[in-house]
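Okay, here's the structure, questions in a sec.
Note that the chains are named A, B, C and D in the order they appear, and that numbering of residues resets to 1 at the start of each chain.
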Amino acid sequence: MTAEQRQTRIIDEIVAANCLEDGMTVAIGEPSPMAMIRHIVRRRVRDLTVIGTGLALDLLIAGGCVRKVISYYAGGGYGVPVVPAFRRAAQAGEIDIWECEEGILTSGLEAAGKGLPFLPWRGGVGTSLPEVNPDLKLIEDPINGEPLIAVPAIKPDITLLHAAESDAYGNVRHCGGPGWIDLFLHRAATRTIVQVEKIISNEDIRSDPWATTIGGADAVVRMPYGAHPFYSRGYYVQDASFAQDYFSAAGSGGDELDQFLTRYCREPGTHADYLERIGIKRLLGLYEY
Amino acid sequence: MTAEQRQTRIIDEIVAANCLEDGMTVAIGEPSPMAMIRHIVRRRVRDLTVIGTGLALDLLIAGGCVRKVISYYAGGGYGVPVVPAFRRAAQAGEIDIWECEEGILTSGLEAAGKGLPFLPWRGGVGTSLPEVNPDLKLIEDPINGEPLIAVPAIKPDITLLHAAESDAYGNVRHCGGPGWIDLFLHRAATRTIVQVEKIISNEDIRSDPWATTIGGADAVVRMPYGAHPFYSRGYYVQDASFAQDYFSAAGSGGDELDQFLTRYCREPGTHADYLERIGIKRLLGLYEY
Amino acid sequence: MTVECSAQELMAVFLARDFVDGEHLQVGVGLPVPEAAVRLAHMMHGPNMELVFLGARMNVAHLDYLPLPAFGWDRRVVRWSESFSDRGHRFDQVKDWGRRVFFIGGIQVDLYGNTNLIGIGDDHRRLKFRGPGSVGTPTLTTHVGRYYIVLNSHTARTFVPRCDFISTVGWGGGGADAREKLGLPGGGPKYCVTPLCVMDFSEDEKRMRLRSLHPGVSLEEVKSNTGFDLLIPDDVPVTELPTEAELTVLRTRVDREGLLRGD
Amino acid sequence: MTVECSAQELMAVFLARDFVDGEHLQVGVGLPVPEAAVRLAHMMHGPNMELVFLGARMNVAHLDYLPLPAFGWDRRVVRWSESFSDRGHRFDQVKDWGRRVFFIGGIQVDLYGNTNLIGIGDDHRRLKFRGPGSVGTPTLTTHVGRYYIVLNSHTARTFVPRCDFISTVGWGGGGADAREKLGLPGGGPKYCVTPLCVMDFSEDEKRMRLRSLHPGVSLEEVKSNTGFDLLIPDDVPVTELPTEAELTVLRTRVDREGLLRGD
């Protein structure tokens, strides 16, 4: 690799989508990178292991893309205790569930980032988690003999994130902070692809280096409104009624769900096609302030 | 604890200094909170266990305050491979050295913050560290049997930091980021006292919550130029010639060192007295840009 | 009730009174009663309280009003925060959680205060009823100074002798040393609050015990809706009603939309 | 030398040529030769290199000049960074260090490239000569794709058969599987560069081996200043001199003050 010029890390959304292959472990950040999620459903990628929650996870299950879920929470926020396609698939035994909780998940991700085979964690001691997830081993700590859980390293093949901004070289800024999970998912993954609202100049990044939340993501995809129907901090709020439409269709299943997937995931070939279908007026109505 | 009004966390420097007691474990952040360090020397606190480096560590040893050093690096930056009082005391066997390295130190601090008795680390496997520091235990990881080091939790009684700004409620901002160690030291400690260049309004803090590097430090001390002769990001650069004067005095030891300590640590009763002795012209010459 | 209020309002006020100024009160998503309770306490008597929502540390006693619910992630709300306490490191400072207070729900709760968010059934690979999962409740309940079990309904289907799966350990198999034996440093569940009553845990056995009945609720109603033998003290008081002042703050500064009144 | 340059300049240019565009080059405090080397490579042929100084990720090929040294923490310099790669989590992403390159010094270096920053003596509690300590070198050298041992002097006091204490494992007790047996994923030391010569490590034994002599340095000079038997190949070339172009960039854009010329 030699180059006279510094190389851009901006890639086309189709190129990004084609990085996803059957059987991969894919981690989904918060807010959800919905444009990439829709591409996965459109491409009918199969047998994924998914680290994710809520609507994004549910859409992937509804689209038939998921074999296994690394799950600490499958609620859809206020009013949706458990997302419908997940519940149906779980109760039918159609997906494997690697049962965990937030501290166990982040411990496994941290172990991967730190190049360690495991990290210990206390949360979960005494619960059913080690019983229903045999990868979690009860250990005695080597110092005081306290009971702890050894969490094996969790290594996503690809982490998909949505953030506010990036320069052309993968220096990413989350507006209002990277939330609680994105950096863990990024550090643990072999590759991180970030869809962003906006590409900004390298000088802008250098003006406040500490604001950079991910320095040098592997690839960046320009996706304005790319988190819809989720919020994107600094840009728009959640489209709650659209999310409700999805949960309603997913709850019904069958034809109604299939029509939803066709209309919003399969037919639009690009993210711009999807936005066209949503309509600019609706999008403009989602301003934060 | 009931109060009609929200309580300030700003405390007087003498009140802060009096928090330090003989025998405590004290962690020193980067840049060094030199005003507090000088107070420790002035008060002749004894038998401290110190987590720190460079000039701050050396001044505490020169002042006779230190029994044990948790040490990964005792250089003084470019041109000072090993700080003088530390070297002298170490070679004379006058201080205990808990030999470690950066990843082992942060693992021990992280363990404390996470409420764990230990964390495993790979860096140091194969070295003399576990041999010269029996608290570091060689273990086999419970998943793959890989050799690792179990680092016990490191719990400072007090962490002393220097940062750019804070509001009255201990919401601290490091300008240009908190460096690599301050947050680890803070999370592990029973109590964190932060000396700051400037107190800012709570509204200023709320205008960019993600910029807050420590939310709710236990106590804040107003100490403009408080890191001198170190840099304070956003305010001033290192006073290299003053540091050189110290290293020269410490290298000589005896009367010369004693005079330095008297002049700069023991005689000035307050930080303002110290600054008076340094002189405003010298301080104004340390601007960053 | 002489002061007209809904069961959820009563629950929120009961909880609010139990919080002490200076505590850190953390509420997860989708728990409107605890959310209202911590905000009410903060405004009534807790100027030094910190409200923690998905890692955002907020001190908002000076604000007239904030929308309820969806407190946790909506930027229009968390813009009022002073820091993200974890800065992406949610669980890197659990050692300080002794003064933190937390709240959990559950699809099952047993007589020792263990709870279940995983699911109902015999076989984890094919649950009869799949729950949302444990979220961060195992870690939070392991470390926080105390927590409250807050449920929006009180039925024998929820209050079971033994959870099918345990996602948070309350008092394990019972006994005051149950948590200590497991090495869990936190203080465990203090109260279980439902639309019918308040329950606590007995000192020795740590079995669930009736503490007060909400106005108009009979002992029989509680017993028949609880799937295990609740300890019943000789004297069971009625849960104290909200004051006018509390209801005023609750309805004008916390829950203006009437979420807790079912409006 | 036909092109006049100092030994340190020669060392910096030798190193610079060994770096590949796209690599991450991390330099600690107080190592002016590696610091100059990575900046030279970055400007000569590495627009996609990342320079990492105390966690600050910099890509500064477009800048005419930056002061040398004190690159690591002076805000007048690190203001040019694009991120703090770790954001306070220096070692949270070591799994990606396969393409990272690092540099270490040492107060002792042994024939398998193990090094010592701890001290000299028999008794750790009372060292004859106390070193600075290991800094982050054990972790860095455990994980980085490769590293270089760079010394400012070449004496038999430094190059010893066995270090009194080992702060970084090179090839342990020798053998190509020495690191693998310890579970160390990084690639180990590639070259040892001094003012006299360049050394590498033999393929099987991983013993230190002379690779090239700097112009004007005799084999005997190296041998008599090395405290163990260095492997000497039949044919030992002379270290290649810098080109005019390299020296020009080094002296005008990297080391304007002449630190490497001893000015």
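The definition used in the following text is that contacts are C-beta pairs under 8 Å (C-beta built on N, C-alpha and C of every residue); 3 or more make two chains touch, one makes a residue touch a chain.
Computed from a predicted structure; not experimentally measured.
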Completion exercise
Every chain in contact with both subunit A and subunit B is listed here as C, D
Exercise for the section: Pick out whichever of the two, A-D or B-D, is joined by more C-beta pairs in contact. Expected result: B-D
Practice task
Can you spot which option in A-D, A-C or B-D is basically B-C again, with over half of the contact pairs the same by residue number?
Solution key: A-D
Completion exercise
Between the Cα centroids of subunit A and subunit C the separation in whole angstrom comes to 29
Practice task
Would you kindly tell me how far, in whole Å, the mean C-alpha position of subunit D lies from that of subunit A?
Solution key: 40
Problem - Whole-Å gap separating subunit C and subunit D, where each centre is the average of the chain's CA atoms - result: 57
Exercise for the section: Send over the residues of subunit A in touch with two or more other chains. Expected result: 114-115, 121-122, 146, 148, 176-177, 183, 209-210
Practice task
Please set out, as single numbers or ranges, the residues of subunit C touching at least two other chains.
Solution key: 78-79, 84, 87-88, 91, 143
Problem - Residue ranges of subunit C touching subunit A (in the complex, touch as defined) - result: 29-30, 32, 54-55, 69-70, 73-76, 78-79, 84, 86-88, 90-91, 118-119, 124-140, 142-143, 165-169, 172, 182-184
Exercise for the section: Would you tell me which residues of subunit C are touching subunit B in their complex? Expected result: 20-22, 45, 47-48, 50, 56-57, 59, 61, 78-85, 87, 89, 91-95, 97, 143, 185
Problem - Contacting residues of subunit A [partner subunit B, same complex] - result: 114-122, 137, 139, 141-144, 146, 148, 150, 152, 176-177, 209-210
Handout entry: subunit D partner contacts - residues on subunit A that touch it in the complex
Key = 1-7, 110, 112-115, 167, 169, 171, 183, 187-188, 202, 205-206, 209-210, 212-216
Handout entry: Touching residues on subunit B, where the partner in the complex is subunit D
Key = 71-75, 77-79, 81-82, 86-87, 90-93, 96-97, 99-104, 106, 121-129, 132, 146-148, 176-180, 182-184, 231, 233-234, 237-238, 288-289
